[in-house]
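Could you have a look at this structure, given as structure tokens, before my questions?
Labels run A, B, C and D following the written order; every chain starts at residue 1.
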Amino acid sequence: MQGRHFLNIPGPSPIPDRILRAIAMPIIDHRSAAFAELGRTVLEGCKTVFGTTQPVVIYPSSGTGAWEAAIVNTLSPGDTVLMAETGHFATLWKAIAARFGIEVAFIPGDWRRGADPDAIEAHLADDKAHRIKAVMVVHNETSTGATSRIAEIRRAIDAAGHPALFMVDTISSLASVDYRHDEWQVDVTVSGSQKGLMLPPGLSFNAVSQKALAAASSSRMARSYWDWQEMIKLNAGGFFPYTPATNLLYGLREALAMLQEEGLANVFARHRRLADACRAAVQAWGLEVLCEVPAEQSPVLTAVMMPEGHDADRFRRIALERFNISLGSGLGKVAGKVFRIGHLGECNELSLIGALAGVEMGLAAADVPHQRGGVDAAMALLRD
Amino acid sequence: MQGRHFLNIPGPSPIPDRILRAIAMPIIDHRSAAFAELGRTVLEGCKTVFGTTQPVVIYPSSGTGAWEAAIVNTLSPGDTVLMAETGHFATLWKAIAARFGIEVAFIPGDWRRGADPDAIEAHLADDKAHRIKAVMVVHNETSTGATSRIAEIRRAIDAAGHPALFMVDTISSLASVDYRHDEWQVDVTVSGSQKGLMLPPGLSFNAVSQKALAAASSSRMARSYWDWQEMIKLNAGGFFPYTPATNLLYGLREALAMLQEEGLANVFARHRRLADACRAAVQAWGLEVLCEVPAEQSPVLTAVMMPEGHDADRFRRIALERFNISLGSGLGKVAGKVFRIGHLGECNELSLIGALAGVEMGLAAADVPHQRGGVDAAMALLRD
Amino acid sequence: MQGRHFLNIPGPSPIPDRILRAIAMPIIDHRSAAFAELGRTVLEGCKTVFGTTQPVVIYPSSGTGAWEAAIVNTLSPGDTVLMAETGHFATLWKAIAARFGIEVAFIPGDWRRGADPDAIEAHLADDKAHRIKAVMVVHNETSTGATSRIAEIRRAIDAAGHPALFMVDTISSLASVDYRHDEWQVDVTVSGSQKGLMLPPGLSFNAVSQKALAAASSSRMARSYWDWQEMIKLNAGGFFPYTPATNLLYGLREALAMLQEEGLANVFARHRRLADACRAAVQAWGLEVLCEVPAEQSPVLTAVMMPEGHDADRFRRIALERFNISLGSGLGKVAGKVFRIGHLGECNELSLIGALAGVEMGLAAADVPHQRGGVDAAMALLRD
Amino acid sequence: MQGRHFLNIPGPSPIPDRILRAIAMPIIDHRSAAFAELGRTVLEGCKTVFGTTQPVVIYPSSGTGAWEAAIVNTLSPGDTVLMAETGHFATLWKAIAARFGIEVAFIPGDWRRGADPDAIEAHLADDKAHRIKAVMVVHNETSTGATSRIAEIRRAIDAAGHPALFMVDTISSLASVDYRHDEWQVDVTVSGSQKGLMLPPGLSFNAVSQKALAAASSSRMARSYWDWQEMIKLNAGGFFPYTPATNLLYGLREALAMLQEEGLANVFARHRRLADACRAAVQAWGLEVLCEVPAEQSPVLTAVMMPEGHDADRFRRIALERFNISLGSGLGKVAGKVFRIGHLGECNELSLIGALAGVEMGLAAADVPHQRGGVDAAMALLRD
């Protein structure tokens, strides 16, 4: 496998050279004035990306940790929450909640669309006793390539007049898909570093509303590492209560600078354009996009359904061996049945076309029934 | 502040160029065969450093997370543990245990020595009912520069015939001070990446005995991120249950290679020699080492007591401004009263002398009463 | 211009990450044993790439310097040499010879083919007095994308029974196109670092035969920096007569390792395959390849003729602005009339397709008459 | 040899991390607008460091090449120049001149001082016929640690009323020692990248006066690579006539930024202070500094004479093996008799002390007669 690898999994996304160089800077004393400046820069800079003026907590952990953090800071054992089965990651988040003694009302789903605002409204309207403490939704389901309409879900909660907290996982959407923590009155936004932020994995985030902070003060869940209080207190000075992942924070500073240079609105538009091109290719191949609702198809990734009788993982292995491209596997219920094309982060027109060529030639190499012309269709769209 | 910064805090320690380059490699698919090879290499390679053939769990987190992991995997709310107040970090670990509903019998200490094996034996002998579920000790107290004699504490536990788990924090000793998880029958060894392993912060470790695993299966503590079971299961194939901090694992692979090239025994001897030289300097300055027990003085750092009436932080600030050196501050009870010199990781004779010169000239610049000749004394020792 | 830049000029070629990291290693004493090991490794390793067991001299300079070196080491003012006008770079080399008082018999050419072995043979056969001291040919004309058939030119020289030295410029062919310094009895092979060797510019090479060394001893040209003698003498121990470009030599060591890992034969085959795909695209676009002789079309780059009335540089600018791709400009006689696509070094299938998409979409964006389907045609070829 | 290497040769000097990261940036098209901006920045930025508003030519070559460039651009075969034997490098420069048919009047020297302005004036005054075309002096003799007083030599030339060109080698002084190309009316200032500029070797410089340019137009020396004319013409647009060493130019941009941040006056003062500290150490050891004239002792390096009967290279080898420090060897006439301590570039107080400790402990390890206290003496000086 010669030459540059095409990493087209839906995250970790390729790390830009600028960020790789940033994380390779010598480490500094995390109790120094120089560090405080770094700390304040990233803590403040993050807010824009989340669309918030409220605190953003940064953990040295995977996104999985930030999922747990959202739960253990706000809920108590025995609490009930409402979640929607949008795919594998929603299911994993549910499992974590269950481990902490949370009852999850799980609105079933077929993994081919985002969470249904109407169903959520109906559940909440039924919950006269306000036993549901939180509505927890995945913004961009990385396993299916379906986004949930967060603004509409907010309206659904409001329509039901329900006081539940609203917690949203943006691990694979942040800095790729338009997102507005404050405007949508989200209480906890969970995120991670290795997708739209173009960083290595190892940082995760909780953006936190005043309502969430109030919930934290009455939560009976034991917690320490994930506890917001001490974090927010020390963050005020640019510091952290325990040793931060300084080198990754260097990378975060660089990533925030890159996003600012391009402009968030442009970043979002670029992701949409590339995603549309990818879907044009899939359509031309005669294959089916897993997400059935066009308006909910993800700007970040496209999950493609394999023709009946063809194994997605065999195809992915052949594409890797022949064309040096990594594609995402099907996860959970759709294992072996879909492959996923990531088009996020530093992706641009030509790197997307290269990736789509890898898929198109890989389909041929793996004898997967398809029509040619996917790359052409993508180019037709990007040309304009 | 021109030229190379001298980072002589007791961790994060300076990151060698080799490791900085390693973490700047492009990221790969964490579900690929290439990753599995990386995963197996580091998971296996770690074991040597811990002195174990049993599983070592690697978390994407700070060392603080690995402290929590040791607790939530093995204990249950209401359990009692025995700890020794060796300093600030032992106190922090105790506070975490308390947050999870653990009763801590805390053997008081004056922060000037390691944990007392006799006191531990006495406590355990008194505990006829075996209410104490674990003995938890910090191997190298980073706040004081005192090491605890783990082998002797093991013997104390055995002498008391007590079945308690033995959990040891080696965050600042691993790969710097001789340590033997298996031989000393430690059940959980906690560690971190940013000290003797010379990595950035962001990885932490639990080395886990069979007895600890058995305890985990009966623990009633809610846990997910820190749970050993799924980790160990997926580690068998070189994988992780959630996105690993791949770039830091690249660094770990390089660090393990460096340690192997030098030889662990040589690494330990080098730390002892440099530490002795540092202590010779402190003595020559007429200052006092915080750790009163020579045999327990740390190979990793030296905490130095300021003369009465002189503020350690003012001195540290002046040394930084004038000589571009970062020294560790006093923490907790000894804040302002001590400063700490780190001599770990990639430290060698000449970089230590440079650091000691920074201290000696900084003492003069800050008008701290002292005698000259510390650097000379250190050189006399290193010359031989 | 977001995302990864596509650098598809015919050199400097994109520098692989491995090499970028290698050149970023701390510098060492160039008179140390550690350096000697580096020196010996690269001096010896180079030979394989040149297909020689004879000395290869490495200069800290551009390839232009190595052109000059070949001249000033072997010739004397007033000497006559035979060159072939294959394009811009042959013309530049001729101009350098002229500056040093060399008479150049310049076989005219139309820039659409390599040097003609028959014409060379005829010239040499006519030169009964053996006034021609050297035949100087460019292996791969970077300005036109035409390769010259070096083995056949060797046979032409031999057929003419002429004693002239044979000097070949492989600046843009080395490590991309099959080349055999010894087998083809080349006397001086000139090369550079920034093409097939995938290094930054700054190193250049002369591979030198015994016959060339003999010529050097009778040359009356003043020289110092470029002088072979002292170089070869010190190279024996792994050293250089003046300060070498150590960091670029680190890169060279890494590049040689990469070439060895892939295997030179595979490297050459990969370049041919990618070049064929590029030509298939050009043909599908209905555009003309500058090099008219299929067997001489370069594995390294393809120069494409613009339709009459369309400015190549305007097209290149639009492609850069819209699709973040750099293409090579027309040089000298063909300025504005051709653009050049580089497909060398770490280029692979998918990065080539990305680049061809940039050309195809750029042609549309610049309103250059063409047919679509170039990328498709390239994929059809690469699929098999 | 563990830990950070102390590279205390008088160049290449240690490359700061910032510069290593800069040279590891991906390469760009050297004919692009982005490159032109880089080119203009470094070509303009260089001028401040040379103290000139006139052109500075940048070569992709070692400093040795820039020596040759100064000669072949301004002189003609048979010309006479006046040089001073300040040491090994002056002797090498003389040898290069001789290779190009230049007659060198070489004022003999004992390698223990800079060039003598009075002797130069006397020679020029004697040259009524103005046969001497140039006075060529080494500013900082890297082999001896003696600087020549360039301003005074300028005055000597003027006092003699002699029209000779004035050419100065600042390879090891530029950006470390105060230097003023315009004010001192130097015609050609030669320099290199790997000393005060803290870059890898591979770039060299000629700062060129109008008088030198005029001389170039009447020079009868054959030249191409080193020719100023085409260089200066293309430099106007930020470009170069042949492929530039782009990655090293990235480094140069960063180095110029670092020098500007510190301020050149501060850079010079820092070098003087560190040099004084080094000399204080040598004196305390009871050893002799090679340069006998205190005012001419170099801010860049100190050459130390070994006691009779002791081999400098054996001492250096032992210091390297025991303490991981590289010291400079004696060159030419003083081979084996002196060792050289570099204290230039990113050197600061503590890294100097580390290096001096390596010397002091190395002298003991090698059984070289000396008194202790050198490091102490250096500290006493730096403390104030």
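Keep in mind that, in the parts below, a residue touches a chain if its C-beta (ideal position, glycine included) is under 8 Å from a C-beta of that chain, and two chains touch if they have at least 3 such contacts.
Note that this is a predicted model, so its numbers are computed, not measured.
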Chain at maximum distance from chain B, centres defined as averaged CA atoms: C
Averaged-CA centre spacing for the pair chain D and chain A, given as whole angstrom: 55
Computed distance of Cα centres, chain D from chain B, in Å: 46
Geometric centre distance via CA averages, chain D-chain C, whole Å: 34
Junction residues of chain A - those touching two or more other chains: 14, 21, 24-26
Overall pattern in which the protein chains touch one another (line/ring/star/complete/other): complete
Residues on chain D engaged by chain A in the complex (per definition of touch): 17, 21, 24-26
Footprint of chain C on chain D - complex, ascending: 5, 7, 9, 11-12, 14-15, 20-21, 23-32, 59-65, 68, 77, 95-96, 99-101, 192, 194, 200-202, 221-225, 227, 242-248, 320, 326, 329
Chain B to chain D touching residues, read off their complex: 2-4, 6, 14, 16, 262, 266-267, 270, 323-325, 346-351, 353-355, 357-358, 360-361, 364-365, 372-373, 375-376, 379, 382-383
